[in-house]
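Alright, structures below, take your time with them.
You will see two complexes here that share chain A, one where it goes with chain B and one where it goes with chain C.
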Partner chain A sequence: MSREPVDTRRVDAREKVTGAALYATDLHPDQVAHAVLATATVGRGRITELDVSAAAAVPGVLLVLTHLDRLDLQSPGFIMGGGYGVQSMQPLLDDRIAYRGQAIAMVVAETLTAATEAANLVHAAYEQEPFAVTLDSPGVERLSQPAAIPLPFLADLDVGDAESAYAAAALRVDATYDQPAQHQNPMELIGATVFWRGDTLVVHEGTQNAGAIRNGLARQLGIDAANVEVISPYTGGGFGQKNSLQIHIAPLALAARRLGRPVKLVVSRTQLFHHTSFRPASRHRIRLGADEHGRMLAAIHEVEHQTSRHDLFPLMYTEITSRMYGVRDFRGRQTFARMDTQSPGFMRAPFEQPAAFAFESAVDELAYAAHRDPLEFRLANDTTVDPISGEPFSSRHLAQCLRRGAKRFGWSARQQRPASMRADDGSLVGWGVAVGAYPGSIVPSAAHLVAGADGRIRVEVDGHEMGQGIRSTIAILVAENLGVGVHRIDIVIGDTRVAAQHLTAGSWGTASTLGAVQAALRALREQLGADATGPVDLAAAVRATGRDHVEVRAETLGPGQTEQDIERARRGHPALSGPEFPGYSTFSWIAHFVEVRVEPSTCRIRVPRVVSVADCGRVASPVTAASQVRGGIVWGIGASLREAGEVDPRYGGFLNASLEEYPVPVNADIGTLDVDFIGEPDLRFSPVGVKGLGEVSMVGVAAAVANAVFHATGVRHRRLPIRIEDVLAGASPPA
Partner chain B sequence: MRPFAYTKVETLAEAVDALVAAGPQARLLAGGTTLYDLMKLEIETPPAVVDVHRVADLAGFDTSGDRELVFGAGARMADVAEDGRLRRDYPALSESLWRAASQQLRNMATLGGNLLQRTRCPYFRGGEPFACNKRRPGSGCAAREGLDRSHALFGGSEACIAVYPGDWATALVAFDAEVDVLGPGGARSLPLVRLHREPGDTPQHEHTLEPGEIILRVRVPATPAGRGSAYLKIRDRESYAFAVVSAAVALTLDGDGRVDECRIAVGGVATRPWRVPAAEQALRGNEITEASARAAGEAAFADARPGRDNAFKIELGTRTVADAVRLAGSRAVA
Partner chain C sequence: MAATASTGVGSAHELDLSCTVNGEPVRVRVDTRESLLDLLRERLGVTGPKKGCDHGQCGACTVHLDGRRVVSCLTPAVQVSGADVTTIEGVAGPDGELHPLQQAFIDHDALQCGYCTPGQIMSGLACLAEGHAGDDDEVREYMSGNLCRCGAYAGIVAAVRAVAEQGR
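Here is the complex of A and B:
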């Protein structure tokens, strides 16, 4: 049997480019009505008066839902607190306002125009209460994480005696770094199309976690999860914002039931900044100690980050900073700062991006204190064992990432002294390096394969396509395994009708999903009586069984996981294992090399080139993998030079709640991105040899940029984003 | 968005009649890139809109005249920005257009609408709950004690410090442009510098057009300083952003290499298009050197009145003017 060549391009590229791929709110079911939210204008307080008469009088308005309707809804619970929701606080249930921008009414009308007009006519009066919205605001409540949530995986890390080792160190760095709140802003807005088919609730929504939506809605509405179908074949970017049940879905379901019609809601870009999760602001004090030769001896990472009054979004910053180098004595302290916002949550490399910015900036400061080249300093402090567990890493090719990246970048031509390199046009040139890590996790996963006598194969599996390319990755695995063409493979993901569809995030999607598909392929080969490897003539093999199709199922677990974890996953809860597994721990690694040019007069920072080399195990899909890393670098450039949620403490919420005022990078901001992979399979971690990639790609970019700016100018910037005025303030006065 | 009456007109006479008939709250609609945006935000809620985008007499532009350049109010930003003669003979005017907005917006947006675009002050555009005298007269100004990084150093008042954001008008004011308008009382002309008002006590009134008046065209007196001109725009990213600071400079050099004719305006920092005669005076008669360019920049910002977060624009603006002077100077020689 001959093997059909494997087409490694994105399998859904044509649909996406031509618009044939239908996203959740592209659907226009018959009779669909449109919902729009009205939102609170005060930072915190109570609604004393709510007048919807003008809204209700707008022609075409069908329904206005507010807390006065005594909606029969339970809290979904917070996704990180044993529940399913983006936050535990479900708006529209009582008169309390927890943050500016909170939904106070949902207006449903025949047209989007009527609903929008009416939503603006909802009138509320409030009794206001004092509120806090920044880390520096009075009224912020601070809680030590281990005291607030005494769970082992959130405990403070204490290895050795970091305080004493630090105090005794010959070289020391003690610096504080600030990460602002940031907003994911996926291209596809948050939204859903919802309707009832008899007693069954059907939800179309772009999500990373159809399972949480299903189970969370069951809890909120008091119905059986079997009566909820969530369908999400495509998600237009999630980046963590779409990892749980959004707060508008349950009210939409009630509206659809009352009206007996489908209802659709698209949350506007402006409302998105207050409607759903965001990256919390965080502050990191890093203390590093080294001996006189520059051997790192002690690291202390104390961090606080913002969370809401109603939920504790956990801090997991020290997980990677404790593993980047062979530091014997490590101490981590993580503290909540509760304030009056919606609950923050995961945004691409949620903890690792800010942690690496702080830590890798401090490492650069230490390298300079030791008069050592920052690349060579990092290599000299590399480790092969996990300093926290004392056990080996399942794979760590970080030194190789650094060496290969340095070569591609031409690092050897670098001059150590800051502000010593210039371009032909007079710009200051800075070269910076930083590394990143991201914990490897595996979640339970279920796959169902149906091979037909027509030679086609259908793959139904846990997983969500958020644009990261998981559909292509699955197709390539199946195509390579069976020797069938990608065009003969049908893939169903993000659909609770075929699998539990728990959360796809944390870069565990590929390793977990592919593991299940691989196990199912093995089962299929057995069923078909095929050899364990080599191409299979599917049509013939199926026909030989005398049936028109053959189906198999497989469920896979992460190391150390049990049936219980599968059960958790079925109920829509995240059930992850890692990064510490029996006998080893797993991380993905990356090294970034960045060149910046700082215009001498107006101090604009440009990033003409970046070289990044990743260790993500086997590269499961070359096209989408490189694309993931390029996207991660662009995110890192945005994080370091552009993006911040601006807060006016007098008003609460975020001020720059639009893509005009919240600047993300544009094409003109991005220069050459050169991406490479080590490509060594990690078979200890995963039977398919892959580790995560989507998140690690961003980790360390901001530090590499900041380190490059330091190298260009001689001034260290410890607060993101680094803007013109920051560089200008440190620039030498004109001659 | 609120419901509104929509009328499409084909001629200028129809446009004036329709505007008068619709009353003082009515708005002209050209490309809609400002007006529809503000209507969606419900910051503007005109009961009636008169669409002039098909009025032939507003379209077109002519950059070939010896005495003046003529730009129809209905000409599209993209078409004008790409005009070969303009790029060669008046690079500052072309640059002020193509460095604005995005290609898609420039394809829609007109030169007349561009002049009357409104501030990007986030408290103005953010609607409730922000105090804003421009949006709701008498409610106060949230920016004054707030985040004022994007606010004005020049021309502000107790009531309002919102920046006039347009690049095109900033360049035009350096060239002594004139504006022709037509209204119920007939046609008239005014210098562009008198089209926009400073906020004073009434920031809601941004321009000096009478109800029912339409901008017909902008005329720019021809000048050899056009060749030696530059529009330098410093933004928070490389493209598709309003100016943090900008400078329009146009000059000629005499036989000794000294600055003869000199025109300088700054953008992103003032409540209306802002010419800086003091900077022109500082430069005139001097050779262009690091020092003289810097001195022009310093003169431009000598009277700046910064707030909390925008003081850096004094140094940034000074350097931007200096860079623009040097760039214009190199073009004047070439």
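Here is the complex of A and C:
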């Protein structure tokens, strides 16, 4: 049996380049009606008058749903509070306005045009109440995290005596860093196509968590989860925003039931800035101490971030900052700042991006205080042991990432003194380095394989394809294992009809899903009587069994997990283990090297090149993995130089609620991106040797950019994003 | 092409429209407030063009109007009367053979989630036809009307440049 060469190109690329890939709101079932939301125009208060008569009178309008209809819906619960929803507060149920932009009506019409016109005619009057929308607003309520949520993984971190060690240190840095609110803005707008087939609710929505949608809708509507089907084969980018049940789906289901026809909603880009989650603003005070030789002795990371009045979105910033270096004495404190917004949530590297910006900027400041090269300083403070647990890391090749990256970048030509390097055109040149880490997690996963006598194999599995390439990693694993071509492999994911569909997030998707697929492949080989390794002639082996197909199932768990975790996953709840496992801790690691050029008169910052080297264990899919890291770098450039949700404390909400005023990186913003991998499998963490990649890829980029801007200009910027006006304010007259 | 004869609403804002979409004649009654994008997606079932912003800020809805690239969300449907509209569905050959740019997008992994890809390819074709693919920086500039949140820009530049080089 010969082995077909493995085509490593993205397996669903053909559908995507031809327009054949159907996303949730590309569907247009017969008789589909269109929904549009109307939203609140005050920062907080109560609806005193709601007049939908003009809206209802628009020709073609079928239904206007508001709280006056006494909708029979329960709260879905907050995804991080034992529930399923993007927030616990379900709009349209009462007259309360918790935040500007909250939905107050859902209009359904024969056409999108009519629904849009009618939604604009919904008239509301409000009794307004004072509100708080920034970390500095009066009226913000502060809560210590361990007091509010006494769970072990959210506890304060205290190892050694960091305050004393810091006080006694010869070299100290004490600085505060600000991270603004940011918005995920996946290109696919959030939306759904929903209909009833008898008593069964069918939901097509681009999601990272079909399981939560299914179980959350069951809770909201009071129906059996077995009567909810969620189908999401393609998600047009998620980045954390699509990781739970959105607030529009249950009202859509009610509308579809009342009308007896399918209903589709596409939430507008502007509404998305208030409709769903966002990265909360956070403020980080970092104190670092080192001895006169540059040996880091103490680190103290105190952080607060915004959350809503109705939910506590946890803080997990110190999880990585306590593990980046061999610092013996560490103290972490995390505090909620409750205010009047929709609930914030996960956005790519939700805690790690802001944490690494703050911490790795402070490390750079400390390196300069110690008169040490920032690369050499980092290498000198490396560790093989997790300072928090005292256990070894299952793998940590961070020093190798730094050394290899430095070589590729040409770091040895760097001059230490800030503002000492210039380009031919007069631009200030800055070179910065920073590292990143991301916790390793594994979740329960199930795989179902069906091998046919036609030589094809069908893989049905937990997991969602948001563009990260999970389909490609599955295809490559199966192709390499059995020696079949990827074109003979059919993959079904993001579909509650084939598996529970645990949340795909936190960079655990590939390791978890591939674990289940590998276990199923082993079972398949046994069923077929094939050798444990080597290519298999599937068609012949299946025919030899006398059947037209052979199917096997496998369920896998993370290290230390039990049947209870499988049950949690079946009920649509996150069930993850990690990053601390019995006997070891697991993190992915990365080093970024960034060149910036600052044009001296306009102070415009450009990023002509970035070198990033990642330790993500074995690289499961070389093509899509490299794309993931390049994408992470682009996100890091956006985070450092472009993206902020602008808030006016007088009005509430986000002011710049469009892609024009919330700029994300465009093609011309991105220069040369040089990506490499260490590629050492981590078999202690995962039987397939894979660690997470999607999020670690952006962790540290913003710090590397900020450190490069410091190197170029001699001015330290501690608030993101760094904009022209910030550089201008710090610029001295040209020499 | 099959199309609903009218919007079904009977609004006072309706006009009859004839055009071609991917070479097929279309006769349809449109609401004068309807965008070309909504006409294609919601009435004609042509869903390759995507809605990413509805404000001309992201480029996901890019189509060709008489060979010129436009953002279909900012193009009133009535404006395409008598025009030839080409979407991503009209780019591959009759037997499904991919256009070289589509193949280059696959070969250079110029996509991730795929949602912006139809618009990127329509813009990329125009970029090539306009003669704006001479070097990487020029492609970056002329492809900057099309956002890719996944950050596949490096692959997009490589794909457009590869086809430009083939055409030399």
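In this section, the second predicted complex is superposed on the first by the 733 of 735 C-alpha atoms of A that agree within 3 Å, B and C clash if a C-alpha of one lies under 4 Å from a C-alpha of the other, contacts with A are read in each partner's own complex, and residues count from 1 in each chain.
As a working rule, contacts are C-beta pairs under 8 Å (C-beta built on N, C-alpha and C of every residue); 3 or more make two chains touch, one makes a residue touch a chain.
Every value quoted in this text rests on a predicted model; they were computed, and no experiment measured them.
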item: Touching partner for A:Glu646 - first (chain B), second (chain C), both, neither; value: first
item: Touching partner for A:Arg723 - first (chain B), second (chain C), both, neither; value: first
item: Of chain B and chain C, the chain that contacts the larger number of chain A residues; value: C
item: Chain B versus chain C as contact partner of A:Tyr99, first or second or both or neither; value: neither
item: Chain B versus chain C as contact partner of A:Val666, first or second or both or neither; value: both
item: Touched partner set for A:Thr113, first chain B, second chain C, both or neither; value: both
item: Which of chain B and chain C A:Glu188 touches, first, second, both or neither; value: second
item: Which of chain B and chain C A:Trp431 touches, first, second, both or neither; value: neither
item: First, second, both or neither for A:Tyr177, with chain B first and chain C second; value: neither
item: Residues of chain A that lie at the interface with chain B and also at the interface with chain C; value: 113, 117, 658, 660, 665-668
item: Complex interface listing, chain B residues touching chain A; value: 1-3, 42, 120, 122-123, 125-126, 128-130, 142, 145-147, 234, 236-241, 244, 290, 294, 312, 315-316, 319-320, 322-323
item: Complex contacts: residues of chain A adjacent to chain C; value: 9-10, 12-19, 21-23, 25-26, 28, 34, 59-60, 109-114, 117, 185-189, 234-237, 239, 266, 268-269, 466-469, 623-624, 626-628, 630-635, 658-660, 664-668, 670, 672-673
item: Complex contacts: residues of chain C adjacent to chain A; value: 7-11, 31, 33-34, 38, 41-42, 45, 47-55, 57-58, 60, 87-89, 91-92, 96, 98, 102, 105-107, 109, 111-118, 121, 137, 139-141, 143-157
item: Chain B contact footprint on chain A (complex, rising order); value: 41-42, 100, 113, 116-117, 120, 601-604, 606, 642, 646, 648, 650-651, 655-658, 660-661, 663, 665-669, 723-725, 728-729, 734-735
